[in-house]
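Heads up, the next two complexes both have chain A, just with different partners, chain B and then chain C.
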Partner chain A sequence: MRVDRALILHLAVIALLFAMQYVMSPYHQGNLARILVLATYATGYNILFGYTGLLSLGHALFFAAGMYGAGMTMRYWDFPAIAAFPTGIIAATALAFLIGTLALRTTGVAFMIVTLMFAQAGFLTLLYFNEYTRGDEGFVLPQADRAIGMIDLSADDTRFIAAWVIFSVGLLIALAIVRSKAGRVLIAIRENEERTRMLGFNPFPYKLGAVVVSGAFAGAAGAAYALLFGSVGASFASIQYSIEPLLFVLLGGAGVVLGPLVGSILIFYLIDYAREITTAYLIVVGVALVLLILFARKGVLGSIRRRTDGWLP
Partner chain B sequence: MTLLSAKNLIKDFGGLRAVNVDAFALPQGEIRAVIGPNGAGKTTFVSLLCGRIAPTQGAIHFEESDITRLPAHDRVALGIAYTFQITSIYPNLTLYDNVMLPAQRRASLNASNDAADRAMVALERVGLSSRAFERAGSQAYGHQRLLEVAMGLALAPKLLILDEPTQGLSEGEIETFKELIRAVAKDATVLLIEHNMNVVMALADRITVLNFGETLAEGTPEEIRGNADVQTAYLGG
Partner chain C sequence: MDLGPQLMLASLDGAVGAAVLALTALGLSLVFGVMRVVNVAHGEFFMLGAMIAWFVASNIAGHPAIGFVGALIIAPLLVGAIAASADWLILKRLDYEPEATIVATIGLLYILQQGALVTFGPVAQAVEAPFNHRIEIPWFEGSNVGWGLFTTSYKLFVIAAAITILLAVWLLLSRTKMGLVMRATQLDRETAQAFGIPVEKVYALTFGFGAALAALSAVLIVPIQQADYLMGGDPLLLSFIVVIIGGLGSLRGTLIAALLIGMSDGIISVFFTPTLAKIIATLVVAMVLVFRPQGLFGAKAQ
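Then we have the complex of A and B:
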């Protein structure tokens, strides 16, 4: 049997992440749990942006759909966490299907604008129904509810493991998708859509599939965020949360499965350290991005891949 | 048997009637060349046949069924392959991955698992198998043209439409290309837009001449060579 070194590498990264909990302080463990949830979000976004070449500026809507799908059903219908989590994913997936169907009638810059507008409409809707959503100041899920059976998702160690499980499953799904036949078609659409159509592939269902999968990842991350960190609010539907996965993907390496993880870690800690130095910490992030565009346009892992004759999926 | 036919096919771009072909019929197994002066509507005409653009009026039939409203990707599934005039490949992928995609499409159509073999065979036929794992974008222009043809071959089409395939090829490459098309024509019908008269005369069973979007003449290479209207259109009257 041929050694599947790509699979081994990804499993090794997953194992390494698991091992991190034994060497890290609770503070960094909490950080890494948050990073892994956001990296799950960005890993799904990478399938759409990095592999299919579609730039969405509206994925915060799906993140928020997952968050509110889980949070609202827990708050108003007393869903247990184990039912609220898939409800969040389903809400985001359904919304991604609907918005994908509409937004994919456009391409390029128009697609960016349409997705942005849908997300803004969703953001404003959350604020408009403030009575129910508590959109402006957000609401907190009671710690007692944030548990699956005996497992308390709000405790440091179990929270980390929950985040690790979600990220690991997401990473392996993403790896399987991009290495599948369908994944090959997604890359072909990114590289040359007209050519792909003239080879007999209808691009639309593939592009819609990429929107739906990335929406499902965003929903899973949003629902996990609500359960693990307890906060639900409209700010998670704002433009900032649409831009974040884009930045993670760009910095880590668009079109590399592990890129979003690397990007998430780098940006999270960049902001964390910059905050200690200055209140204008976003300037540091801006400088990092300018340097990225100037010197490593393909992102950290994208640049590494070029030197390793491209076997990194 | 007629493989492909078109009736009263019209395409208008604004006020310009780019194509206006009363009747066109392509029998199975033939190598047909479409020639004509620049701007005669050759590319527009074949683009209507393969579905890249929709006609203003008219009907197209392929193997008895009406494909006029069928989207391009579904026509590929029926067996119509098109190679672009301006080389259209995936420059960042390897040659193998370039042909793997149409091979995969073909394999999915007859539910077989032989995509990888099919891809290598297509590369072998155009003589590029030794470069299978090199980046397509780093190949010489002539090799990119051949890769484009290989992508069409990997689809195992019933009708292969080639839009100026020899443009920019060297003399030696053109000779290889002629051999290749003769081999392809054994199990496929070929529709070829071509400027190089040496290639047209050597390969074509019949020639259709377009001028100002209309059929000016149609016949064997000898008939076309002796046609006064064609000479006028090319040389100016």
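Then we have the complex of A and C:
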């Protein structure tokens, strides 16, 4: 990867996040760990929605596939955490490949509904096999199993570092993808699919690639969530978890690599704050979605990028 | 109970479900047909109808029928007004761009749902039926009585009312000036505008009308089912299934599909759990959209 101010900026953000653990209270450190896992999920989603222009309403399916891929193998086959994590990613990636192959036969609104329906079917399947998945109330992974070697992933500071590692790796991969030649084709597809085809690119493999990569990110985040926070349940496959990355990306800035991180932080604390005031705190999600789509399509970083000659990738 | 009587009861319940589903899905289909808007908040308009019905019925003293009639009038009007203003304030400003409107209606879904939680509280509420006579169903096979098969007059009323409303909507669309204007807008928005049809007003009216249909069917079903702020999910999912299987925007397809799915939902539940039935239905819908986007009954896409 070429070293320029964009790369330096991203490395600086990663360093800043690492330094945060020394100035934050344990409560906020726990929050930030959760935010970083969700931001990893949204960073992958951004490659699909922000860069390729495909709006999926079903990525909770891949998040849950990662979560259950890791959680179930640990619960039933006694996989160690180090093996369960990649199993979760593989499960989500394979599922993303399958769903992507089918759903990409459609475009636009139909693509949104097909992904929504597949995710809903997955959510209901988790509930249906409740005997094994404990879908309705969820299950807890025992603290003793949530460790890699001697590293206890459930302790506050190691958990934060684990979340930070996963996010940092994800962010750098995303940066590499969008700055590669394939990344430019993705942007071309978003801007004008027909013209991209005319230039001699077959859009399908690129679009499928974007679905699979975003699915793998979602799976990594889901598996990490299971390992770091110990809870596995069908509610993570519900529509709300498909909407969340969309909201993070829209708020932070679709098509900006750092956008999902900014969006996750803002929404997380906004919901956290609203939860103290009212039981109807999810109204924040609704109001934010409507306001963003009406008045601020570019999101926070998208608006900033416009003022900085667009060097921000 | 033997399978025969059980199936008969199931098809009767299925018919009640199908009647209400047809009304709800018709609203969604109309909005998609005329405006090309996929309204994800449709289930929340259903929920609002039910909650307002409870609110009205519990605040009007006297015979339950008075409260019910009050709800039957107030709920659709109020919900229609809310929807029309949401269209005016939000969807119109988005210029009905398909993907943006979906995101906006998802936002609307959360706003309405959480708004109902604040306004009406989290408790599930029951509404008393205006009349509820027990009607025995004779079952002739072997001994004549003793199956304990019965339905209620209210369930039969729901079916009759839904059919009446569907006929009224059909008459409205095919025989009145308003229907003509709506169909003209559906066929070609630009030409309709060129002929002096106030397209924006037609859109607001259609969006309100679609939501009012959902609210109306909710008022009908709420004496059988309880009302709570999370009830919008199921009608939304089922209406989506119906509208997609029937062919997006095709009203006749919507009706056939509602009948098919409502009835089979009742009957399939005898053999399978409701969850399995829903899994199969959602997968079928996804596959229909992937391999036959015009729906099973719809004409070829334009």
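By definition in this document, the second predicted complex is superposed on the first by the 298 of 313 C-alpha atoms of A that agree within 3 Å, B and C clash if a C-alpha of one lies under 4 Å from a C-alpha of the other, contacts with A are read in each partner's own complex, and residues count from 1 in each chain.
Note that contacts are C-beta pairs under 8 Å (C-beta built on N, C-alpha and C of every residue); 3 or more make two chains touch, one makes a residue touch a chain.
Note that this is a predicted model, so its numbers are computed, not measured.
In the superposition on chain A, A:A121 makes contact with chain C only, while chain B stays out of contact range.
In the superposed pair of complexes, A:A188 makes contact with chain B only, with no contact to chain C. Of the two partner chains placed by superposition, A:Y45 touches none, neither chain B nor chain C. Contacts of A:L282 after superposition on the shared chain: chain C is touched, whereas chain B is not.
Of the two partners chain B and chain C, it is C that touches the larger number of chain A residues. Residues of chain B that touch chain A in their complex: 50, 52, 71-74, 76-77, 81-82, 84, 88-93, 97, 100-102, 104-105, 108-109, 151, 155.
Residues 55, 57, 102-103, 105-106, 108-110, 112-114, 117-118, 120-121, 124-125, 127-128, 243, 246, 250, 278-283, 285-290, 293-294, 297 of chain A are the ones touching chain C in the complex.
Considering their complex, residues 38, 90, 93-94, 98-100, 102-104, 106-115, 117-118, 122, 237, 240, 244, 273, 275-276, 278-279, 282-283, 285-287, 289-291, 293 of chain C touch chain A.
Within the complex, the chain A residues that touch chain B are 181, 184-185, 187-188, 191-192, 194-202.
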